[in-house]
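What follows is a group of structures, each given as structure tokens.
Across the two complexes that follow, chain A remains constant while its partner is chain B and subsequently chain C.
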Partner chain A sequence: MDQFLQHLVNAMVLGGAYALLGIGLTLIFGIMNVVNFTHGALYTFGAYAMYIAAVSLGLNFFVALPVAIVAGLALGALIELVLLRPMRGADIDTTMLVMIGAGIILQSGTLWTFGGVAKSVPAPFPDAPLELGPVSISWLRLFVLLAAATLIACAYAMINGTRLGRAMRATFQDADTAALMGVNVKLIYTATFALGSSLAAAAGALLGPVYVIFPQMGDLAAVKAFAIVILGGLGSISGATIGGFILALAEEFGAGYISSGYRDAMGFLIILAVLLAKPTGLFARAERVG
Partner chain B sequence: MSTFRIASIAALALGLAAAPAFAADTIKIGVNEPLTGPFAASGAYVVNGARIAADEINAKGGVLGKKIELVIEDNKSNPTEAAAVAEKLITSDETPVMMGAWGSSLTLAVMPKLEEYEVPMLVETSSSGKITTSGNPFVFRISPPSALEAEAFAPMVPKLGMKKADFLVINNDWGRGAAADFGKMLKAGGVEVGLVETMDAGAQDMSAQLAKIKGTDADTLMITAAVDQLTLVFKQMAAMGVKKRVVTTGGSQNPDQIVAQAGAAAEKTLHLTTFLPWDPAKTPDPKATEYFLAEWKKRGHPFAGATESFRGYDGIRTIAAAIEKAGAAEPKAIQKAFWEVKLTGLNGPIAFAKSGPEGKESGQSKPGVYLIEIADGQIGEAKL
Partner chain C sequence: MTRWLPPLVLVVLALLPLGLKDPYLLNALIAGGIFTIGAISLNLLLGYTGQLSLGHIAFFGIGAYASALTALGFDVGLPGGLRIVHEGAHPFFGFLAAIVLSGACGYVVGRLSFRVRGAYFVIVTICFAEVVRLVALNWVELTQGPLALTSIPFMKLGLPGVGELTLRTKVQNYYLMLGVATLAYLAVARLVHSRFGRAMRGLKENEQLAMSVGVDATKTLTIAAAVSAAIAGAAGSLYAHYFRIIDPDVFLFAYTVTMVIMVVSGGKGTLAGPVIGGLIFGTLPVVLRPHMAPEAQWIVYGAVLILILFLMPRGIAPFLDDLFRRWTVRAKAPAAAAKPQLEGQP
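Up next is the complex of A and B:
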């Protein structure tokens, strides 16, 4: 039972970060119909931005975090303006290839700039974990969970409660009609991509101090983000949130009670099962026809 | 226009003809290391160590009157790529001998290519027992296989007071091999073996495995992984309050990087290493160690990398000695000459003993193995 609780706590912490990754990706896909292959690179970028802000520039940890998130926002906006805006209306495969290329450039650029040796970001939390009976949780991970929950709540509030959010949802439902109703669709695309990117960067900036930072860290994160999005249903934000937690639970309990060698395979087994039973994902919104 | 075309074709032909003539002035040594992917940092260290050896040898006039030339290729930490790189080095660069490929799974993937083309390879880092027991006569290894490492660790086990050990190993030939060899040694010494947990090479979160390990009554956790993953394991152990003695194996732990990145979480951990750069006077060839460390520093490489890069340095020196003995830069002659090589490496005498099935033996050298401890952020030999 003690072990069960520890696994549960671990899964909750991991799930928060997974949800952030998933929401960013699903948002971009749902609204822009772009398969964002730079998502992993943006996650890595967020972690390195955190490293530059907190270690190289010596900023306070809690100041460095928003700096890294804003840097992700800016990079996302830049990618949209330079690469995606001229490609609008192009074939989805063409866009995909461009994004794969951009991802490779970002990753190689990181390797070139920082080298392959992993970096770490010290966090201003006590080393001793918080002990709740048989369960231990590090203060840093607790902070990551709370920060992720806050960011997810902010993203929800923004999408459901603001004019920009309403315009985004309108664009998601039908871009042409939204444009006719006076929505500046171009601006919505830039805002969406920047927002999605900043969420990936936030996940990287939060998890960077928990793990270590290295140029290829985004590869596995990207695979998981895609898995979460497929699990939750393409374009569904609540699906991505719940999908993130389902993946974390599957990995944690699969590794704990079945086999740690297959930890990363557990999530994909669930995805296979979901795709067989409900091919559109668990929470996909019904597609508009016509 | 046509004169220009003829001229350019002539120039091209001349260029092509000139290329091999230039190449014949040097002796090529293929270097097959992971320069990108999860093992990028370690592979780069080995390559930079190899460069020091090559420059030192060339400054002294080279080998057989020719300069040596390292042909360095990136195997991307990927076994399939490692095999492709070996094929490229042999067929396109025509290297008569190679060094590689850091990881056990990478080296094992290269080995069939060695048999196919009959080109010898010096293995500088890999620990899996399979490399020198599977009957590949083109393999010469200077790093200790897990069984040798376990054998060196055996007399220290009772001194540490170990009763029961769990294992947490990287899920590849290296990790699983280490778990098997150390497990066998411990059982023979009356130490119980508990859980054997694995983690994927790129995995960053080991909380599930550690939650399981936390619940056992084992007093020691044996870990086999590369340095980045070790850092994570230590941090996560501290975060989850896992309090057990830790012993790491494999010689790719890079203790300075661990101290720098895991900090207090690495306190009191024990590490089996094959080189003592912290105390050059205690190494088998203090002068060579000091030269190597000075040169390493002069080139601006981090001290932390020395525990990894010395293998590249020793590897190239061993290969050069074999070419010298062979009297010709040809695969067959070099393969034969490896058996007669004798030199003092930075971690002990290098000489190859036969290992594996009769008639197809691989060469295995027996380097020194040391147990070091991190105490108060300082690295030193463990006091037993």
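Up next is the complex of A and C:
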């Protein structure tokens, strides 16, 4: 039972970061119909931005985190303006390949600049973990969980409570009608991609200090983000949130009780099972295929 | 023009080793050629049925492992006290095993996953590849895990009674690759020009309409997936017996991306597309190597991909085709202007 609770706590921490990754990706797919293969690279970018801010520039950890998130926001906006805006109207496969190209450039750029050796970001938390009865959690992980929850809440509030969010939801439902109602759809696309990118960067900046950072860290993260988005149903933000936690639970308990070697396979097996049983994802309102 | 071009390209490629003595260049051509075979197989699915398999490297890797293990032999215990012991066999049986096993996996994946389409199919294939990679990494008794399968024998070709040839040199392996690539090209060409190929394209254009005239969608797509996977498995077998070492990294996502890039930049849904893409992206690393670091090469690789897509969104082959057609039309323009065009009208 103690072990069970410990796994549950670990899964919550991981799930928070996964949900951030998934929400960013599902926003971009749902609103822009772009399969974003730079998502993994932006996750990596967030981790390295954290490294630059906290280690190279010597900023305070709590200042470095927002700096990394804003850097991800800016990079996302840049990618949208330079690569996606001229591609508007191209079919989904073509934009996906442009994103693959951009992802390759970003990842190789990181490798070129920083080398392949893994780096770590020191965090200003006490080494001794917080003991809560039978469960122990490191202060850093607790911070990651709280920060992820805050960011998810902010994203929800922004999408459901602001004018920009309303315009985003309108564009999601029907871009043409939204444009007729005076929504600046081009601006919405840029804002969406920037927001999704900043969430990916936030996930990287939060998990980077927990593990180590290296240029290829985004590969598996990207595949998992796709898995989460499919699990939750394409375009569904709450689906992506729950999907992130389900994936984390499956990985944590699969690794704990079945085999740690197959840790990363657990999530995929669950996703295969979900897709074969309910191909539209668990929480999708309507089928979005093609 | 399009009739004599493929044989001409084949002749040029067949003569290439005669003038080419640099072993590094030859090695790059063989490796690029093996992935071009993978691209040809991917094109059958992506180009002609419109289904993107982003786990295509799984079939390639399964072929590589099947071929290597058939040739090397293995001894594994299964749950329930069963043991399977296999003595090493002739590498050619490995090649056949690769085709059969990869094809069977393609059939099963197709059977299970063609209940979903589009983005969902993409994710099912990614998941499949990732699971297979993890199995290769963790089933150490069979695959040696990260320690890799080493000393895989060279491919041997022979006829009973005539004699046997062990393909040791790069030139021999180059011709083997070229032979298999030609067979794969011809197989795909035959398939897409058959009744079955028309069914596939019909499904891509309009699934409901195709089904209304009696095309069995799931069956057609599943067969396409099986054939595509079998060809990818053959490429994997060549890879295993040429490089003679394989580890779970053959399942890396980057290799699938390489094949997708070859298909889409060359022109998906055209027979020439994967070959053109394969020639460009197979030789690009060789051209760039003396000038820059590997990471910078990859940056150029990505930039070239984006540039091709910006300038020629349908790929190079359709672009050249259009260019050629416009050129011939202009050459014939005076004649065409003289008589009114009524062709195609009732």
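In the analysis below, the second predicted complex is superposed on the first by the 286 of 290 C-alpha atoms of A that agree within 3 Å, B and C clash if a C-alpha of one lies under 4 Å from a C-alpha of the other, contacts with A are read in each partner's own complex, and residues count from 1 in each chain.
Following the convention adopted for this analysis, a contact is a pair of C-beta atoms (placed from the backbone, for glycine too) under 8 Å apart; a residue touches a chain by one contact, two chains touch by 3 or more.
Not measured: the values here are computed from a predicted model.
Under the clash rule set out above, the superposition-derived model of chain A with chain B and chain C contains a clash between the two partners.
Once the two complexes are overlaid on the shared chain, A:G133 sits clear of chain B and of chain C alike. In the superposition on chain A, A:D219 contacts both chain B and chain C. By the document's definition of touching, of the two partners only chain B reaches A:Q3; chain C does not. In the superposed model, A:G261 makes contact with both chain B and chain C. Shared-chain residue A:G58: touches no atom of chain B or chain C.
With both structures placed on the common chain, the touch criterion links A:A227 to chain C but leaves chain B unconnected.
Look at A:G101: by the touch rule set out above, it reaches chain C but stays clear of chain B. Shared-chain residue A:L269: touches chain C; no touch with chain B. When the two structures are aligned on the shared chain, A:G182 is found in touch with neither chain B nor chain C. After superposing the two complexes on chain A, the stretch of chain C that clashes with chain B is 146-154, out of 146-154, 182-190, 218-226 or 272-280.
Once both structures are placed on chain A, chain A residues 111, 219, 259, 261, 264 are touched by chain B and, in the other complex, by chain C. Those residues of chain B whose C-beta lies close enough to touch chain A in the complex are 35-38, 40-41, 43-44, 171, 197-200, 202-205, 207-209, 211-212, 214-215, 227-228, 231-232, 235, 238-241, 257, 260-261, 263-265, 302. Residues of chain A that touch chain B in their complex: 2-3, 6-7, 10, 14, 111, 115-120, 122, 127, 129, 131, 136-138, 140-141, 207, 210-212, 214-217, 219-220, 251-256, 259-261, 263-264. Taken together, the chain A residues at the contact with chain C in this complex read 29, 35, 83, 86-87, 90-91, 93-94, 97-98, 100-105, 107-109, 111-112, 219, 223, 226-227, 230, 234, 259, 261-262, 264-265, 268-269, 271-272, 275-276, 279, 288-290. Chain C meets chain A in the complex at residues 46, 52, 112-113, 115-120, 122-124, 126-128, 130-131, 134-135, 137-138, 253-254, 257, 260-261, 264, 268, 293, 295-296, 298-299, 301-303, 305-306, 309-310, 313.
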